[in-house]
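The following pair of complexes shares a single chain, chain A, combined with chain B in the former and chain C in the latter.
And then the complex of A and B:
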């Protein structure tokens, strides 16, 4: 049982890293970016290709995946996303679905539609077991690694957002773009940087998650719903909201698939609908926030 | 002096070119007999888009789960034909009623929250139904689809044939009937209140429009129409599979409605024709990668501006600017 909890936490952490960038773009720029999964896919494919073609070690691939997708995000933000910030949501939805379709078809064309497999280094393959019987805790080393990386990232993100100059500029831009610009904050650059970091985080999540979630061209469509659930349930005003939502979702999904496999993903979707009817702005939104 | 009542009535009046258009449409399955199958498909998709237009174009609800009602109509019509009786018209009504009930049930999910919340819950409802249809394989055939659906002749006289002429005529007739009713619906005072809700919900509430009950009604009506489209698909193809619930279906229908133009009942019909023909042509050139071109088309469409696509002479003018509501 503890093993399930552990796997659920690892899965949730992974979802959090994948989704936190989206939480930022949605919360900050009020942009419904359904193409977020495409950035995650890019990160995953960068890792796979580097490892397969050039024998780059796994640990080195992760930062490359991050910066690769961040760069792509920055370029796209500059060229395509910016004109759409003030358009209605319907336009944004259509645009990002279009982008996702293009990404899916291009990856299919250039790399092939098969499932890609990542060869983990030896030291991540093992499994440690603690305790006995029902309370046995089996920890896959790779999941342990994921939890460690994600926890470090969460702390770092929280620190950047609440303690640094960039964080306060960002929060100022979120709350009121015009006043922030009037105070001499270059809102465009803040948004560009944030979008790039968000895409980079998605790429990192894709790279980390390729082994757990599987990687093939339909990745963005398959997991889009999960990112969106995390963001919608968690709310977009803080980092802790999506984190808790991701953990809840991860544990519910893993436990549901283990205990009542006949229902499958049914549980997660129903849980989401109930939560959203009950609290349409997300579970962890301060009262009075927008 | 413009009398508001006259304004409403004149926008609902039929013009002569419209009669000609529908006569052409009704004649098309017989004139272009070799293309009857695709005509049938276009009519079904157009009906589906019409139903989405009721909630998206006229009421401003963004939905990514409209396939839920389409699929509900398809499965209930197919199951009814298989288990109870093969008459197509009764089956159609059963499909519509089932989808309408589901729509009434789901309408509570769209009453609260923002666009994002609505996107999520509509998407979620579609996915739940897909999971259900997948898991209840004793009833629905699961991933293999529901097979062995045999339809009786239409009105007891016209057999459904392999060339799809009967199917196409049947689908177009249903499309026409629903179109007439939908037009009546959106041009009524009731329809005017829907547009008021779309344009400014707060203001609509302030002038005394019961927003919640209006949304429930229009959502149910739209679901019923979507159910009719689904039922037609199941009946004319004698088959229902999980594909009817796919996310692709919801996305495609939204896409083609936007291509044709929202908030204009002909938008769905025009979009369906353009989309289906485009799909036919592109997928005959690159069968596997046609989604790429659809994606590119969407991106360009949004960047150029949706409302400008049908007005090519404005493409190179700077945009009007300013924040749209």
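And then the complex of A and C:
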């Protein structure tokens, strides 16, 4: 039972890294970026290619995946996304979903559509068991690693958003662009940085997730629903919301599949419906947000 | 006067051209190959296309005086698209034979058109038992999951595996595998203590595998489409299930030759039952594998490739038997009952069911020359599809 809880937490944490960037762009920047999964896929493929073609160690691939996707995010923000900030949401949805399809097709064309398999280093492959019988806790080392990385990231993100000058600038730019610009904040740079970090996080999530979730060109479409559920349930105004939502969904998904396998895949959706009926704005809503 | 002469010449030219083209039409024999070349099942499409082209390169592109033309269409494994493409092939291109069909729903979507237009339809991949019953014009050269699963149900209890949990993808072939494996295992004195069905797009196998671990069976029987097989196997090992004394068995899809090498040494010792292994020790197969790898560097033929290769052979032989003149029905008759030596071993197209009868091998993953292979160690001869016996 504890093992199930543990697996659920690890799965939830993974969903959180994958989705938190979307929560940032959607909630803070008010841009509906359905191409978020494509950035995650880019991170995944960077890792796979580096490991398969150049034998780069796994741990080194993770930062490369982060910066690679962040760079791509920055370039695209500057060239494609910025002109769309003031357009209606429907335009943004159409644009970003189109971008997703292009990403899927390009990966399919250049790399091939098979499942990509990576070989983790030995020390991440094992498993540690504590306790006996019903209360046995079996922890896969890789899942433990995911939890550690995500926990560290969450703390860092929370710190940046609430305690640093960049965080205050971002929040100011989001709440009122004109006043923020008047105060001497370079709104464009703040948004560029935020978007890049959001994409980078997605890329890191893709790199970490390649082992657990599998990686093929349909990745952005397959997981779009999960990202959106995390963001919808968690609300978009903070990062604690998506974190709790991701954990809740991860645990519910894993436990549902364990205890009622025949119904398991639907647990997530049922839970989402219940929560959204109860709190249509998501679990956590910042008071006074526009 | 000049004008009239010009018109006459033009008319003659047009006549000559139409005659030539109608002659050409009679003389080409068109095979419409509908396969998933992009999307999740693309590896199936690539393997079959490569094998079909290899067969043509080896056996010439003129058979019984007719030039063979292969028209390849990508259906991206979407049944609606398969249906539309097949229709175009029948109506516009006037193909003589339809072939390919990567997944079961695609084959089912096309079946009624094959019946209506009396076009033989050679299924080279899709493996649900009931496909050949969907149209009297369907012939299959791949395999059925029931065939493969039953062999495992025979082998397992004799080798100390009595309590089994099954884990299959929740769609046609998975349900076939579950059903026929269980029937045979129970018949042989074994028992299935739990049957798990996972969604086809289920991303994480962790909860299902944990459940299996807690149930402590002798073995876990798995069928998932080949791409997902590697993920199941890795998570199986990560969870330490092999150390807990649970064996991993299944049909050959989980140790697909196309991907086996990427799975790493963790796959060593996994026992599966299937109709083809790249390492099948026969002269015919050695020649086939060598030629295939030479023509497609970096690729290794898997069970899909052999389905495509033999499918082409069935078409070629039928064309020869009808001396190049037969219509769809005659071709179909000539396909029934063919017996030949395939790279997989002897095979036979059953005239009653139009399905393939073949040996099913039990294989264990082993290392040879630094590469992983499914090495055959036992065989169940001439397995007829159990799905047809009732």
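Operating definition for what follows: the second predicted complex is superposed on the first by the 284 of 290 C-alpha atoms of A that agree within 3 Å, B and C clash if a C-alpha of one lies under 4 Å from a C-alpha of the other, contacts with A are read in each partner's own complex, and residues count from 1 in each chain.
The rule is short, and it goes like this: contacts are C-beta pairs under 8 Å (C-beta built on N, C-alpha and C of every residue); 3 or more make two chains touch, one makes a residue touch a chain.
Note that the coordinates shown come from a computational prediction; the quantities given were computed from them, not determined experimentally.
On the superposed chain A, the positions of chain B and chain C stay apart, so the two partners fit side by side.
Of the two partner chains, chain B and chain C are each touched by A:108. By the touch criterion stated above, A:221 is placed in contact with chain B alone, chain C being left untouched.
Within the superposed three-chain model, A:265 lies in touch with chain B and with chain C [touch as defined at top].
In the superposed model, A:280 lies in contact with chain B only, and not with chain C. Vertex at the C-alpha centre of chain A, arms toward the centres of chain B and chain C: the angle is 60 degrees, rounded to a multiple of 10. Residue contacts after overlaying the shared chain place A:257 against chain C, while chain B stays out of touching range.
When the two complexes are laid on top of each other via chain A, the two nearest Cα atoms from chain B and chain C are 5 angstrom apart.
Where the contact sets of chain A with chain B and with chain C meet, they give residues 105, 108, 262, 264-265. Interface residues of chain B, counted against chain A in their complex, comprise 56, 62, 64, 108-109, 112-117, 119-121, 123-125, 127-128, 131-132, 134-135, 247, 251, 254-255, 258, 262, 288-292, 294-299, 301-303, 306, 323-325. Chain A makes touch with chain B in their complex at residues 26, 32, 80, 83-84, 86-95, 97-106, 108-109, 221, 225, 228-229, 231-232, 262-266, 269-270, 272-273, 276-277, 280-281.
Interface residues of chain C facing chain A in the complex, by the touch rule stated above, are 38-40, 42-43, 196-199, 201-204, 206-208, 210-211, 213, 227-228, 230-231, 234-235, 237-240, 258-259, 262-264. Per the touch definition, chain A reaches chain C in the complex via residues 3-4, 7, 11, 105, 108, 112-115, 117, 119, 125-127, 129, 138, 140, 142, 211-214, 216-218, 222-223, 253-258, 261-262, 264-265.
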